[in-house]
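See the structures that follow.
Both complexes below contain subunit A, partnered by subunit B and then by subunit C.
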Partner chain A sequence: MHLVVQALILGTLTGGVYALMASGQTLIFGIMKVINLAQGAYVVLGAYLTMSLFQWTHIDPFLLILLTTPILFFVGAATQWFLLRPLRPADATELSLLVTFAVALGLEGLMSVMYKTTLRSIQPGYENHSWTIAGYQVNEVRFYAFLLSIAMLVILYLILQKTKFGRAIRATVQNPMSAQLLGVNSNLVSAFGFGLGVATSAAAGAVFGLITPFNPGSHYDLISRLLTVVILGGLGSIGGSVIAAMVMGVGAALVSALSAPVWSDFTFFAVLIIVLLVRPRGMFGAKVRGAL
Partner chain B sequence: MSRNGLLRGGLFFASLISFPFLTTSQWLTNMFIFTLMYVALSSSWNLVGGYAGYPSLGHAAFFGFGAYFTAIVFQNSVGNGWPPFIFLPVVGIVAALLSIPIGYVAMKTRADVFAIVTITVLFMAQSLAFNLHAVTGGAQGKGVAVPPFDSSTYGRPFYFAMLALVALAMGSSMYFRQSKIGLSLSAIRSDEDKAHGVGVQVTKVKVVAFALSVGLTAMVGGIWAYYEGFVYPQFAVDPLITIGMVLMTFLGGRATLWGPVLGAFILVPAQQYLSYQLGANQFYLLAYAGIFLVTMLILPRGILPTISDKLRLKKKQKEALA
Partner chain C sequence: MKLSNTKVSKRGMITAGVLSAALITSSLLSTVGVAANAASPLKIGVSLSLTGDFSDSGLAAQRGYLLWQQEVNKKGGILGRSVSIKIVNDASSPDQVVTNYTNLITKDKVDIVMGPFSSLLTIPASRVAKRYGYSFIEPAGGGPKVFAEKNPNLFFVQPAATTKGGDVFADYILSLPASQRPKTAGYVKLDDPFAAPLADNIKARFEAAGIKTVYDQTYPSETADMTPVVSALAAKNPDVVVGGTQSADAFAQVKAMIQLKFSPKWLFLSNGASSPLEFPQQIGANNTEGVFTSSDWYPKSTAPGTAAFIKAYVAKYGGAATSIDSTSTEAYSAGTLLEEVAAKTGKIDNKTIIATLHKGSWPTLEGNLSWNAYGEPQGSYLLTQWIGGALTTVWPKATAQHAPVAPKPAWKN
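Moving on to the complex of A and B:
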């Protein structure tokens, strides 16, 4: 029982981090109908950026997020503007997925050249501290990471619901054609939306680098988990992906505690297969033609 | 099939068959073995990724399956007089059968999600290869028994085995182009719902194409395992193999017979040269990503379709002038 509760705590905290990563992924899919296979690579990029800046300035990694978020925003917006926008509409759906895959590879290659492939981690000195509450371990960094994820999700929600730009994004999600007719510049919205989606990986990357050792190849692990989360939640539904992230975080932690850590990867795979067989549109997804 | 096409195919295979008798250079043979390997791989990928428009990112999982299958079956048996390539058809058939349930689930979705499912299959296969120590030997890898070939022409049997698979893969590709299954696939590619509406047996056709494509891939993996002599999980189930297949098909021209062939003949020698010059694996990734992006932005349909469109346009202009 102790083991199960401990796994629940750990899973909930990890789930919060997945939620942050998956919300960016979902946002990008919602706006552009593109599954971004590079999201994991952006997270790893965020982790390396935070690590380098931390080693250089010794500013707390959580504060550095204020600096890395705009950087990743521009990286994301540039990806959309220079690599996805020029695709001809006729091939866009088929090619954009592969373009993001190529971006992931390119980032992996770039990071391997710059940082080599040894495992790194961000070590501000308190990364292994934890509190003991009623006999249960609560890791300090994971707890902050959880809070941060919630804060970022709230900010994302506010941007989408309360700002004019957010309204333009939501209009584009609902009906790109009418949004354009009403004066929304869909290219700009796409670039900003992609940037916003990628910007979430700054915070996610910092947190990821704090809780696990990483190397350039880590994006493969991340992307296969993220994709399961967004499909379970329903493509395009941010709320759905948050809930799915919590479910998967807890599920994987339970499997890992009760059997072996290796099998927690297979939990994701099993869930993916079951979702596709039973309810292909996920828990909360609308049926998107062309996606499912 | 046109007379020109027959001539082209005849010339292509005649020159490839005569090649090993013209040179015994080790590095040249080695390079050609890898080139042919990728011709076979990308031609097989093209069956699903090109004709049906379902971009599978998981083919490397089946390549690895074929490699491990061969390594395990031949662990002790080569010394007992088994001809080395006799089990290849079995490898292909088992992989194809195995792929039917996977294909069935994955093909319930449309292209984007299909890519996700297949890439997850790849990661799961990699994870299994690393963790099922009893079967795969884990990270230590698994040795393959050395086949009893003459050392001066050691590469030759592998070369011909790869060439046979090239013929098989290109033959399937040609068959697809001329038969109902190919028509069904291209209907699926343009509009799956409409194809379903006019009575194409969508699921069946997709699953059959996937099984054939994957079976061929596994057989290539089987020969590769033999040639390398050792199977490591990170090389047998490698995302780079998938990427190579996709990239070569896209570069040459997908949904064409010769596109994947051209792509492989350009990229594999280039890759061998680069790895010789740069030595570091990481630069490869950058080069791959760069070529990939440039291809998709500048030549989104690949080299061959772009050229043939230009030629057709010129012919039309000439006719209009005459």
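Moving on to the complex of A and C:
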């Protein structure tokens, strides 16, 4: 029983981290119908940025998110403006796969040149601290990451639901032509929306760098997990991706701890296949294409 | 076109004359070249992973090869011929490594080739060398599949096949009096042709000696989060934990143990903990104490030439002896073997190298090496332990700098 509860705690906290990473991915799909294969690379870039700034300034990595978020916002907005916007609308969804994959490879190459392929991690000194609560271990960093995930998701929700920019995004998602007729600059909204999705990688990268060693090639594993999370949750549904991330985190931890680690990823993919067979749009995929 | 009807012009005659003169001159020059061969540089070709997944180790091997080139040339080269190493980049790709060695042999016409980094690249590279009858002294491909190739031209420049890296830990544990030995053991292994068999070898010996296995699991290479695995391991509370690890997973295992406050009495990691720089950086310098691993070289080694090697290395690349990656030492040792063959036989060609190295024992920085028919070294590794913040040899007793520290001190944070 102790093992089950410990696995539940570990899985929930890990799920929170994946929810944070996947929220940007699903936001980008919701806004632009772009399956962003570079999201994992942006997370790794966020981790490197945080690491460099931490080594340089010694400011706490969680505080550095305030600095790295705008940087990644502009990186994302520039990617959309210069590389995705010029694509012909008719081919945009398919071609954006190639473009974002090229961006991922480019970022990987750039990071390899700058940082080499040595494994790095962010070490503020408390990265391995755990609280013992009733005999269970709760890792501090993962707990903070979990809280951060919730905070980021609430902020995203508020931006989308309560601000003029959010309304413009939702209008563009639901009907780009009508939105444009009503005065929404859909090009700018798309660039800002993509930037917002990529900006979440700043927080996700900081957390990722704190809990696991990384190098430029880490984005391959990340993107495969993020894609499965957003597909399971339903492409475009932020709430769905949160729940899917929790399912993945808790499921993987339980199978790893109680059965065998070799089955943990397989179990998750088996769940994914079953959900897609029964409900092809994912657990919470919107019936109306593009609704957030 | 009928040749008999073709007019031979004056211009054609001149062209033919010039061509003939050129041919005669070139043949004369090549004759001179043969005569001057004794003083021509000894060309050695190597493919290394200067980019890609293995680039850290590839660059370490490059430092070793280039340092040896510098040192051997200071001494006047080999048999009066200066050594010129051509290093090409394979970007950690098993396909590119084949192209590289084929080009080195057929286009660059190097005299000798030496090995790349990793078993993955050594296997296809050694096939190319065998096809062209080249010897293949290689510093960093020691997995079982390398020797399964049954390539008589291959010589692995480390003390033993890499899967035997755990034998010294088993030797040490089983040397303890029965009352002091661990009673239970846990095995956490990466699904990898090097890491898992190494841990399985230890497990077989422990079980035969009555040490009960309470946990034995293999994890796939994409496992980034080791905490669920380690939580299950910790629930069994084994006395000794054997991690069949590479690098990232080794760091993740230790971090998970620290986070879950599980500190076994003995902890052996096959790889990852042997990295003098990365291991303390990744898990925190104050958490390394007491962790066992195995090594082929250490800075305080008494092998002849060690002090000179360290001095030259630090002078060329900076840093300290403790920061020298053992891959640099292995590549350097591959070079010194050529010197020894030349010194013993007075010749340096592939047939001589292959025939000579198959006989006797050869002193290197890695210790005295000898090989079976297919290049598998017949020695054993050294058991090292992190003591006082440095990797320290603790077994076998003859080479130990310090007695093994057990039980392992608790994690510091």
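What we mean here is this: the second predicted complex is superposed on the first by the 278 of 292 C-alpha atoms of A that agree within 3 Å, B and C clash if a C-alpha of one lies under 4 Å from a C-alpha of the other, contacts with A are read in each partner's own complex, and residues count from 1 in each chain.
Methods note: a residue touches a chain if its C-beta (ideal position, glycine included) is under 8 Å from a C-beta of that chain, and two chains touch if they have at least 3 such contacts.
Because the structure is predicted, anything quoted here is derived from the model rather than measured.
Within the superposed three-chain model, A:A102 lies in touch with subunit B and out of touch with subunit C [touch as defined at top]. Shared-chain residue A:T228: touches subunit B; no touch with subunit C. Within the superposed three-chain model, A:L37 lies in touch with subunit B and out of touch with subunit C [touch as defined at top].
Of the two partner chains, subunit C is the only one touched by A:G11; subunit B is not. When both complexes are overlaid on chain A, the residue A:S52 reaches neither subunit B nor subunit C. In the superposition on chain A, contact of A:P280 is made with subunit B only, not with subunit C.
Of the two partner chains placed by superposition, only subunit C is touched by A:T212; subunit B is not. In the superposition on chain A, contact is made by A:F269 with subunit B only, not with subunit C.
Once the two complexes are laid over each other on the shared chain, residue contacts for A:T93 go to subunit B alone; subunit C is not touched. When the two complexes are laid over each other on chain A, subunit A has residues 112, 117, 221, 262, 265 in contact with both subunit B and subunit C.
Listed in rising order, the residues of subunit A touching subunit B in the complex are 35, 37, 83, 86-88, 91, 93-95, 97-99, 101-103, 105-106, 108-110, 112-113, 117, 220-221, 223-224, 227-228, 231, 235, 262, 265-266, 268-269, 272-273, 276-277, 280, 290-292.
Interface residues of subunit B facing subunit A in the complex, by the touch rule stated above, are 53, 55, 57, 105-106, 108-113, 115-117, 119-120, 123-124, 127, 131, 239, 243, 246, 250, 280-290, 292-293, 296-297, 300-301. Those residues of subunit A that touch subunit C in the shared complex are 2-3, 6-7, 10-11, 14, 112, 116-119, 121, 123, 125-130, 132, 137, 139, 211-213, 215, 217-218, 221, 252-254, 256-258, 260-262, 264-265. Listing the residues of subunit C that touch subunit A in their complex gives 51-53, 55-56, 191, 217-220, 222-225, 227-229, 231-232, 235, 247-248, 251-252, 255, 258-261, 278, 281-284, 287, 411, 413.
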